[in-house]
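These are the structures, in structure tokens.
Same chain, two partners: chain A is paired with chain B first, then with chain C.
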Partner chain A sequence: MAEELKDIVLKYVTKEYLEDDSEPLTYETPLISGGIVDSFSMVSLKRFLENKYQIAIPDEEATPEAFDSVNKIVALVERFVAKKG
Partner chain B sequence: MSNIGSYDERVKDFSWSIAEKELGYAPGDVINIGWHCTDRICRMGRADKVALHWEGFTGAAKTYTYNDIRLASNTIAAFLRGLGLKPEERVCLFMDRIPELYLGFLGILKTGAIAQPLFSAFGDESLLVRLANAETSAVITQKKHAPKVRKILDKLPALRHIIIVDHDGAAPLKEREVAFSLEKAAPVEHFDVHPTTAESPSVLHYTSGTTGMPKGVKHVHYSLISQYLTAKWALDLRDDDVYWCTADPGWVTGTSYGIIAPFALGVTQCVLDAGFSAEAWYKWIEKRRVSMWYSAPTAIRSLMKAGDEIVKKYDLSCLRHLASVGEPLNSEAVVWSARVFGKPFYDTYWQTETGSIVIGNYPGMEVRPGSMGKPFPGITGTVLDPVRNEPYPTHGKIGLVALKFDWPSRMRTYWNNPEAFQKKFRNGWYITGDRSRLDADGYFWFAGRDDDIINTAGHLVSPFEVESALLEHPAVAESAVVSKPDPINLEVVKAFVTLKPGFMASQDLDLDIMNFIRKKLSPLAMPQAIEFVASLPKTRSGKIMRRLLHAREWGEEIGDTSTLEND
Partner chain C sequence: MAYSDRIRGAYQATLKGIEDAGLFKRERLIHSPQAADIEVEFPTGSPLKKVINMCANNYLGLSSHPEVIKAAHEGLEKRGYGMSSVRFICGTQDIHRELENKLTAFLGTEDTLLFPSCMDANAGVFEAILTKDDVIISDRLVHASLVDGIRLCSAMHDTIKHSDMEHLEEKLQLHADKRFKLVVTDGVFSMDGDAARLDEMASLCEKHEAMILVDDSHATGFIGRTGRGTHEKCGVVGKMDVITTTFGKALGGASGGCVSGRRELVEMCRQRARPYLFSNTIAPVVVEGVLKVMDLITKSTERRDKLEKNAAYWRRGLTEAGFVLKEGDTPIVPVMLFNAKLAQDVSRALYDEGIYAIGFFFPVVAQGQARIRTQISAGHEIHHLDKALEAFVKVGRRFDILGKTKQEIVAKYGL
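This part shows the complex of A and B:
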């Protein structure tokens, strides 16, 4: 699941938040600290993940650090998907 | 001893001439913010002092001395003049917090043109209304933001030049575009600075209006007098400080106190062009040995949320003085900062229209946590009875925050909108649009906005602008936008939406509408909550009653509903 999830998140972030498509994202590109996704836009990214995977990420877990790269987001989502069973 | 010394003594014998003398200005002289922030400091023998430490999110870093920023601003100014840009033409800065933003601002002012900074996260619609209203002649931007300008180019006949500061030749320049590289350009040692005077226009910042489109707030070069003295007294900026203003120059704090005031004082400031994270911010303070830190309540509350333990990982003993601006600073945040940093955040209050701090807590007086503080020396402030338009004769009543409109950095008008400017006054008082009460000792206590404007993370968002944009979404029939309480951002945008026939409420539609507004206007304006409703409350004359929806969100009394239409 991880690889598919990584691909989905990467494509979504690229489509929705990347302004300059000449510099492609990697799984490790800093999203929040790199200024690609700001704290307000993080709300819509969180909403996308919650809708797509039918999970609820509590606000205290939705930190800038947890959303700072595709890999970190995937780790977070996997944790909540596993909780859901 | 703080710069202000005794607040009460300063109030007694105050005159703005204190700042004029320190800046070597006499009425009638030439005054140019770009020159005062660079050439003047060099002439004072501080050419080699560090003016700016800059670091980007990739770790790229640059340091500029005062002589470097003098040369760089000269070089940009010469380039702009070479393009044929004339004094008082509007030149927009549409960039991330890269050095060219700060240096370009000073360069524009040196030419006598008007600097129009716009937040780089603005979407094309937000950009269009502001550039069209200002009839902007040139935009200085980065290649990553140029597509947003290209998209609206056909609607901007006055826009002659799009200056790309990081063009690498990978893709050809397009219509009206020109490349400029500060690093490759030959430094200009001597630039004939335009002889602006006190009332020459300097900066045009846009702010949200309640019922209309954004308003361009026109400032003049004489604003320097207020910005200089308030930074010295209210922020207590000193010659040996390392100063960090966390605001983006797309907003007024980022220009008044992120460019003009610190450079006019000859202080070393640092800029971190990266998104927020508690770890990154503390690391930056430690690395740069920041001594004076000017930030915003939303950031402070986010740091509180990150916890106390993380603070202990860093040596933050360099911090000498802390101040806050943008929205009311809650008393918990003041108490928290006193506990974890050993010093409280001093709240300051001002607006785009005031150009500089007008009410604040100062090092020279007792801080009352949760209070806005007292008027800056030389400024007369009161709480006005909204019915009589007179100051309340007794303290304790909530009314309108009003000011005598006579300090140097006050706005001069709204661009192309003198009617809106006139509406800001009642009975000789400038009405800020905020409500507060005064206590027995003359401290102001914030009580909320007096209009529908949403203050989210210190930035004002117009419900009207969001509602107008929502109507452009194919699924939206009608909408009403109000604020919703938020523990970090104070308020966030909430939209109530009715759908056109054939559309069904769903999670996907909710997200689609959010992203639609984020891209069209800005992430700040994006509704963080959308409620799909069958109908909106309206008056019998058909006007949407936002007030009812607002009261519901805030758990307030609904009030008079006699004009409510019966479904």
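This part shows the complex of A and C:
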């Protein structure tokens, strides 16, 4: 699941936040600390992931740190998917 | 007192970090009234220098207009200097209500409430009208004061790519389950100078039962055929649910702002907006000045017409000279330099040539988007613009940026 999830998140973040002439993202590109995604804009990504994977990520877990790269987001989502069983 | 060496040292280190990063802001002291021609002491301690101001928000050239000054003087005599009160205790004079009514008629809304500034209007409006069950969808380039106001509100906040209507519709669908949706935009974007597509936004809002709020601070008084604002330009007067705007720019430039819009939303602000409830009323002298401005701009469109011609003249001149500009048709004309140091160096070189125009760079604009933001005024005469153009060309040649593309400028100076 991890590889598929990585690609889904990368595609979403690219479409949602990058301008046409931006440098391409990697799984490790710092999104929030790197100024690509502002902390407000995390909302749509969070809602997208919650809807797609039928999970609920509590606000206290949806921190800028937890959303700071594709890899970190994937780890977060996997944790909640696993919890769901 | 516990302002220890440790505490002082920490702040000093932070300030040094700002300075080392080239982001330290220094005020330039102006020794004359605000106008196209000003006298500036810069750097502090230097002899005064006469320069042409190309970066004021004095769009209509009314900041030092004799009739506005006269009205303010008379207001001072008739209504005193201060009110020593917030509005709802004993800080509302007849002239405050008169100004609110005039603004309502001018903006084509249902009601208006004055705030000490538009920053305060934006800080207060969201919390007053929305709850955690609602969502705010804002353009990613909205003004910092809207961002701060949104942060103070418990509603969910999402953003859209700048002026991307397809993205807006996606977000309206994504948040369809929310109680209320509020779409937020600047009318004219302060850094890029482009206007929001309010007609398309209003249609989408109607389709998805969303409200719309526009901050028209860089438009009220001069955008649209009679200067009503961006909603007039886009043909949607009466369709804006909330307009926030300022008196600190085209409308005399002193201070103050307002929330104007649907009757109930304005009333909610009167009841709940904290900057309205807990901050002093606008001084009578300012209210009288703005009332005079409203009279002047309602009677004649001469000044906004002149501004429109000046802005077109300036934009054409810079384009023909070979500068890279942000596209638009407003009096905000950003000259793109991309590199922060280049923007500062060009600004300094322009100053030496007698032109006051400031460089903007991260975090005020995105990384790699540094620029000189020029702002045109009805107070400019063609000779001001010609002199400024001459200086821009001279400096542009010196830095070898004329006729160069973004890629070429970036290749030479970096991002």
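The definition used in the following text is that the second predicted complex is superposed on the first by the 82 of 85 C-alpha atoms of A that agree within 3 Å, B and C clash if a C-alpha of one lies under 4 Å from a C-alpha of the other, contacts with A are read in each partner's own complex, and residues count from 1 in each chain.
Heads up, the rule we're going with is that contacts are C-beta pairs under 8 Å (C-beta built on N, C-alpha and C of every residue); 3 or more make two chains touch, one makes a residue touch a chain.
Quick caveat, the model's predicted, so the values are computed rather than measured.
**Q** Look at A:P24 in the shared chain and tell me whether it touches chain B only, chain C only, both, or neither; answer first, second, both or neither.
**A** Touch status of A:P24: no partner.
**Q** Under the stated touch criterion, which partner chain does A:P64 make contact with: chain B (first), chain C (second), both, or neither?
**A** first
**Q** Quick one: is A:F40 in contact with chain B, with chain C, with both, or with neither? Answer first, second, both or neither.
**A** It touches chain B and chain C both.
**Q** Once the shared chain is lined up, is A:I32 touching chain B (first), chain C (second), both, or neither of them?
**A** A:I32 sits against chain B, while chain C stays out of touch.
**Q** Please determine whether it is chain B or chain C that touches the greater number of chain A residues.
**A** With both complexes superposed on chain A, more residues of chain A are touched by B.
**Q** For chain A, give the residues common to its interface with chain B and its interface with chain C.
**A** The answer is residues 19, 35, 38, 40-41, 43-44, 47-48 of chain A.
**Q** Quick one: which bits of chain B touch chain A in the complex? Just the residue numbers, please.
**A** Within the complex, chain B touches chain A at residues 57-58, 96, 121, 143-145, 147-148, 170-171, 273-280, 302, 305-306, 456-457, 507-508, 510-511, 514-515, 518, 523-524, 526, 528.
**Q** Could you pull out which chain A residues touch chain C in their complex?
**A** So the residues of chain A touching chain C come out as 19, 35, 38, 40-41, 43-44, 47-48.
**Q** Which bits of chain A are touching chain B when the two form their complex?
**A** Contacts found on chain A: 16, 19-20, 22-23, 30-41, 43-44, 47-48, 51, 60, 63-65, 68.
**Q** With touch defined as at the start, can you tell me which chain C residues reach chain A in the complex?
**A** 138, 140, 147, 150, 156-159, 161, 171, 174-175, 366-367
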